[in-house]
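In the part that follows, the structures are each spelled out as structure tokens.
Here chain A shows up in two complexes: once beside chain B, once beside chain C.
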Partner chain A sequence: MDEMTGENININEQLKEASTNALRCMQCGVCSSSCPSGRHTSLNIRKLVKIAGRSSDILKSDELWMCTTCYNCQERCPRGIDIVDTILKIRSISAYHNIILPEHRAVCQMLLKYGHAVPINDDYKIKRTEMGLEELPETVHKYTDSLNEVKELLTSCGFERFTEDNTDENKTMENTA
Partner chain B sequence: MRIGVYICHCGLNIAHTINVESLRDKVSELKNVALVKDIQFMCSDSGQDSIVQDITDLDLNHILVAACSPHLHEQTFKRVLEKAGLNPFMLEMVNIREQCSWVHMDDPQMATQKAFDLIRMGIARLKLLDPLQLKKIPVKKDVMVIGGGVAGIEAALTLANSGHHVIMVEKEPTIGGKMALLNEVFPTNDCSICVLAPKMTDVNQHPNIDLITLAEVTEVSGPVGNFNVTVTRQPRYIDEDKCKGCVDECGRVCPVEVPNRFDSGLGKTKAINMPIPQAVPQVVYIDNEYCVGCGLCKLACPADAIDYHQKEEKIEFTVGAIIVSTGYSHFDASRKPEYGYGIYPDVITNMELERLLNAAGPTKGRVLSPSTLKVPEKVSFIQCVGSRDEQVGNPYCSRVCCMSSMKNAQLLKERYPDVDITIHYIDVRASGEMYEEYYIRSQEMGINFIRGKVGEILQDSDGKLKLRYEDTLSSKLYEEPTDLVVLATGMENVKDADKISRVLNLTRRTDRFFSIAHPKMRPVDSHVKGIYIAGCASGPKEIQVSIAQGSAAAAKAMQLLSKGELEMDPLSAHVNPDKCIGCGICADTCKFNKITMVGRKAVVDELSCMGCGACSASCPADAIWMRNSTDEQIIAQIHAATEVKSESPLIVAFLCNWCSYTCADLAGTSRIQYPTNTRAIRVMCAGRVDPSFVLEALEHGADGVLVAGCRLGECHYTFANYNAKQRMDALKEVLADVGIDPGRLSVEWISASEGERFANSIEGFVDYLKKIGPIGSELKEAEQ
Partner chain C sequence: MRGLSLFLGCLVPNRYPGIELATKLCLAKMDIDCSDLPGASCCPAPGVFRSFDKTSWLTLASRNIVLSEELERDVLTICNGCFSTLADANHIIQDDEKAKEKVNIHLLKIGRQVKGNIDVRHIIEYLYQEYGPEKISSFVERPLDVRIAVHYGCHLIKPTKDRGLGNSERPVFFDELITALGATSVDYPDKMACCGAGGGMRSAMKERSLKMTEAKLAKIQEAGVDCIVNSCPFCHMQLDSGQDDIKELTGTEFEIPVLHYTQLLGLALGFPAEMLGIDTSIEKNRKLMELLDSQLES
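Let's turn to the complex of A and B:
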């Protein structure tokens, strides 16, 4: 580690606080062998639990984003570790420090622009009318005034930070790791 | 009243710091003191002899010895009094070495003053001492053993061979417990029943053992040494004296086929059956859950042993001690649905495998996959099913499953060399004599070990089982077919543990097993005097340890009953029925359940009372009298301590006999120096300290009061310091309410080994009291 800036200590502290439960792990492998995502991706949830709370490397791991949050592992963990909840907390910390994938950023932009992570497109509009539904669903798609309210809400809680690629903070992160 | 005071120099240990001559002169002026002597070594023969001589010559009737800690020589001087014909309880020891000269070496003047104050306090108590008589109660030498497994058998035989009459109560129709069902046992691979059966037979034939089967203990009352026991026996529907155990005759004609629970339900038996071939007693029994009462067995029995009219029966007797060896039950594997036990036929438990391997089992010793009835080509053991698993509330390790799975794997391999065996483990626990060697042998035999608990078992459309697991050492995930899965199920306390703990008043740990009196130092004592625990009743254990505990519990019972009488503890509580208002608070306070309410008056079982005094402190009517530590004696000491305020701040310190007094002594032997401001009063337990004692001290001018006890959870009386904590917490609030700084009451939980901490806490307390000024300063400030 180069130097301990305030920000770095902050990240490590946050990660530690989010993962106290994970320190009880005995590495038995019930989580990994119960994981449906791990059968098709490079995710080994046991390895994530092993470093959770012990190293900020977890923020650099692509696998952090591969968990489908099915909770199979958490339900079976013999040490009662809240594995998925911990992963979600770590993801929040990661996002807060702007360490997210470009795809996440794109989704956030969608949300900010349309009020939907997956907005409606022309194909769906046609499908809806064919099925006898209104063209637009009962959401901000239909009520544009409300869309402005959603935007206001998101902006007021600083949601925009997820849409901008803040390279400075990324550098901070590299140092930490 | 003629008091003799003896001040010991202890060579220079005391005399180097304390001015013994001036102390002697000051003490000689005190009222009722007939003689003061200072002697080089009080504990020497000449020192002791001079006390005996003075008692006779000068007609002394109260003796005070100011010397070392009473923990060292109280017994010595009690014997001296006895020798001189004086009641040994007329002695008071004042500790002027460990708690004075050794800890105030830099301040001889104040050390001498403190010694004088301590002697004055001692004299105040001495004047109120009663010449107690040790009452002796005759005890019954018989012992009851509950549970006839290997631990109980060992205990019963050890006692019976030593001349004690033993009553063994067994719930099942046969003794032998779980061990009688095992095939072979590690680490020697002996045949289990071959080593156990002779002992089972010994139990039945021993002239000193009465065996009651199909029976449960339903009531226990009375004190240690004389427990009144009621046992409820279920009908066997067989005259045990007539049955010859031929079972073929009656079993053959019985039309009711039932799953054999002694085979874990794998095999079949009849409603009238012999539970296992080596059953003791060697008589059949009728399972009334299944019997249809057709009468065919009665016609077939050549011995006319069948009696359908037997009824449930109550048997009453008295025993001096009780040994609880009630064993364990297996974790129900169907509680782990991911393994499909009870759904997939080829998923079995280790106990079921034991029965399959057993020549007397349902398959006559052949191991077959239940779905195909063929010898499996691949067998997979899954460890820690229901152990080390918080999802099912069992965080503990069951200790034997690693070894028993290896044992069963070895036996399988010996019988079927081609079978492919894998043990899926989290950690291999093979810590015992010859266990690691056993592990190595298992590996050498070609048994595979994979580190990683199996996540789930699937079944494909052909009925073939597949294991999903990660080999955590290579981080590879597998989905692998197998023929037979063996679940190493963990141990749990028996199903009726609730009932047992209620009847015997036993406490249980969070893992639901019965707790022992100290997790390290008292492995077979329960919290109840005269009740001992052996084997898996207090947690998972292998056979070796259960046998050792059976012997240990027997030895403890023998020690208790060896004299044929028990001395009533002079420290026990006693209720004055005239003062008792029948509120029942004391009965709630006594977690040993030794106080009962009889006709709206509290009655203490004085023989079993532990003597902590928590009840006495809780009594709102001051009706409970601690014989050798009365309220009057303690208050007299408080008054003596505060009568002359020889020092400021002045602290009255209540130290529990077991931890805090001992750690104050340790500070002395380690020569850790601390301020002279404390005046200690020894109590048996912090729970003895009545809030009124604290108030009395503060009212009479003490600037602070220290109450110190064992660390929470380590109390000599198990629960009593929690009692103290509750009381002292409430008292602090009261102090704050009346405008007194609650910091004047310091409460410390200190272990006997923390001499340094004790000294530091006194130092800190003195500093604090100096800062806030003498008692009452805060009230004056408030007025202004």
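Let's turn to the complex of A and C:
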């Protein structure tokens, strides 16, 4: 890392805070040997726990997104480390710094537009009516006022930051992280 | 006991309407007081949205909870992901006064306030705890003598400290609800393993997530079962349409029927497959139904 900009000091501080619990890790490997993802992917959760608070490199690693949040590791960790919660916190830091996989951004866009991560389509409207169900379910799909409430809440929480692709910020990240 | 409101989520109404119908038919037949929950949204899904931003996750989840509070009903979920989000959010609202205040500042903008005075239930634990296997048995009109691989899924039972449904290494409650219908729950290695879909993996790393699915399906096939039964439409999709994806990717064919518990229950309560969204134009499902029909005749 060439220089410490305000941005990356911030990131490092955030990572440290998110992973305080992980400092208790004794690197026993119970987590990785319980990990269904690790058997088939490059995720080594023991290593991820080790580097969690140490370097912002973790934000650039694909492995951060290979956890299914199955909680096996957290259930079995002899040190009682909240491994999954730590991963989630680090993912949030990543998302806040606009490091977001395009597929995940697309899911966020769906939520903001439809109030559903997986909205209905014409095929399933037909399927529903064929089964004797109403074409639209009793959800935001059927009630515009409800959809507007969802949109208002998401806006109130600043959710748009996850739906807009801000490439400039991405570049900043590449230079600093 | 408070009445229930049915929280649909996204996948059930928009991709698996058969599970929605099966649930409604079963609840009505068992005379369980459950209303619609008009205007509900995505829970929002724990995988992506909780990962990204806890505030918007908690706020949107709280809106769904408020809708049920206003009906003075507990929320009934039929998806492990929805259960995870809504039960966790509900605990935060009930236990963390500050978090609740913050959420209510957002909710005020739409004229609502969350109180934290209802419970969030999952149909599996609800049926088990409020009815129990024996009482469920008494509703059965058509015992199903089939071999079943139960897939609990992760978020029904973990994190155990929050779910309070006992140990996650070898639970039995779901299996007991299966045997209550006359079926056999077949043990298999890695029974408690994840389907592979969670945490946003299916959406962003589908091929890798399917490797976990393939490993699990291989173990199930070795055990020799007539179908897989799950409690979550997300696991359902991964285990069911995942079989087609795997066939395309690796050529491995499994041909194992996959049912949500409400569909299996529906069959046992005497509803025909078509009413439960079990597509019998698909070869593997047709075979399962033929097996069940042959039992009726004998």
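One rule holds in what follows: the second predicted complex is superposed on the first by the 177 of 177 C-alpha atoms of A that agree within 3 Å, B and C clash if a C-alpha of one lies under 4 Å from a C-alpha of the other, contacts with A are read in each partner's own complex, and residues count from 1 in each chain.
By our rule, a residue touches a chain if its C-beta (ideal position, glycine included) is under 8 Å from a C-beta of that chain, and two chains touch if they have at least 3 such contacts.
None of these values were measured; they are calculated from a predicted model.
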| item | value |
| --- | --- |
| Fit or clash - chain C, chain B, common chain A | fit |
| First (chain B), second (chain C), both or neither touched by A:103 | second |
| Spatial angle chain C-chain A-chain B, Cα centroids [nearest 10 degrees] | 90 |
| Chain B versus chain C as contact partner of A:39, first or second or both or neither | both |
| Which of chain B and chain C A:27 touches, first, second, both or neither | first |
| More chain A residues in contact - chain B or chain C | C |
| Partner chain(s) touched by A:149 [first = chain B, second = chain C, both, neither] | second |
| Minimum distance between Cα atoms of chain B and chain C in the superposition (Å) | 6 |
| Common interface positions of chain A, toward chain B and toward chain C | 39, 75 |
| Chain C to chain A touching residues, read off their complex | 8, 10-11, 13-15, 17-18, 20-21, 36-42, 44-56, 59-60, 63, 106-107, 109-110, 112, 154-155, 158-160, 168, 190, 193-194, 196-201, 203-205, 208-209, 211-212, 215, 275, 277 |
| Partner chain A, residues of chain B touching it in the complex | 338, 384, 388-391, 395, 426-427, 451-456, 468-472, 475, 477, 479 |
| Residues on chain A engaged by chain B in the complex (per definition of touch) | 26-35, 38-39, 44, 46-47, 75-80 |
| Complex interface listing, chain A residues touching chain C | 36-37, 39-41, 65-72, 74-75, 84, 88, 91-92, 95-96, 100-101, 103-104, 106-108, 111, 115-121, 124, 127-128, 131-133, 137-143, 145-147, 149-150, 152-154, 156-159, 162 |
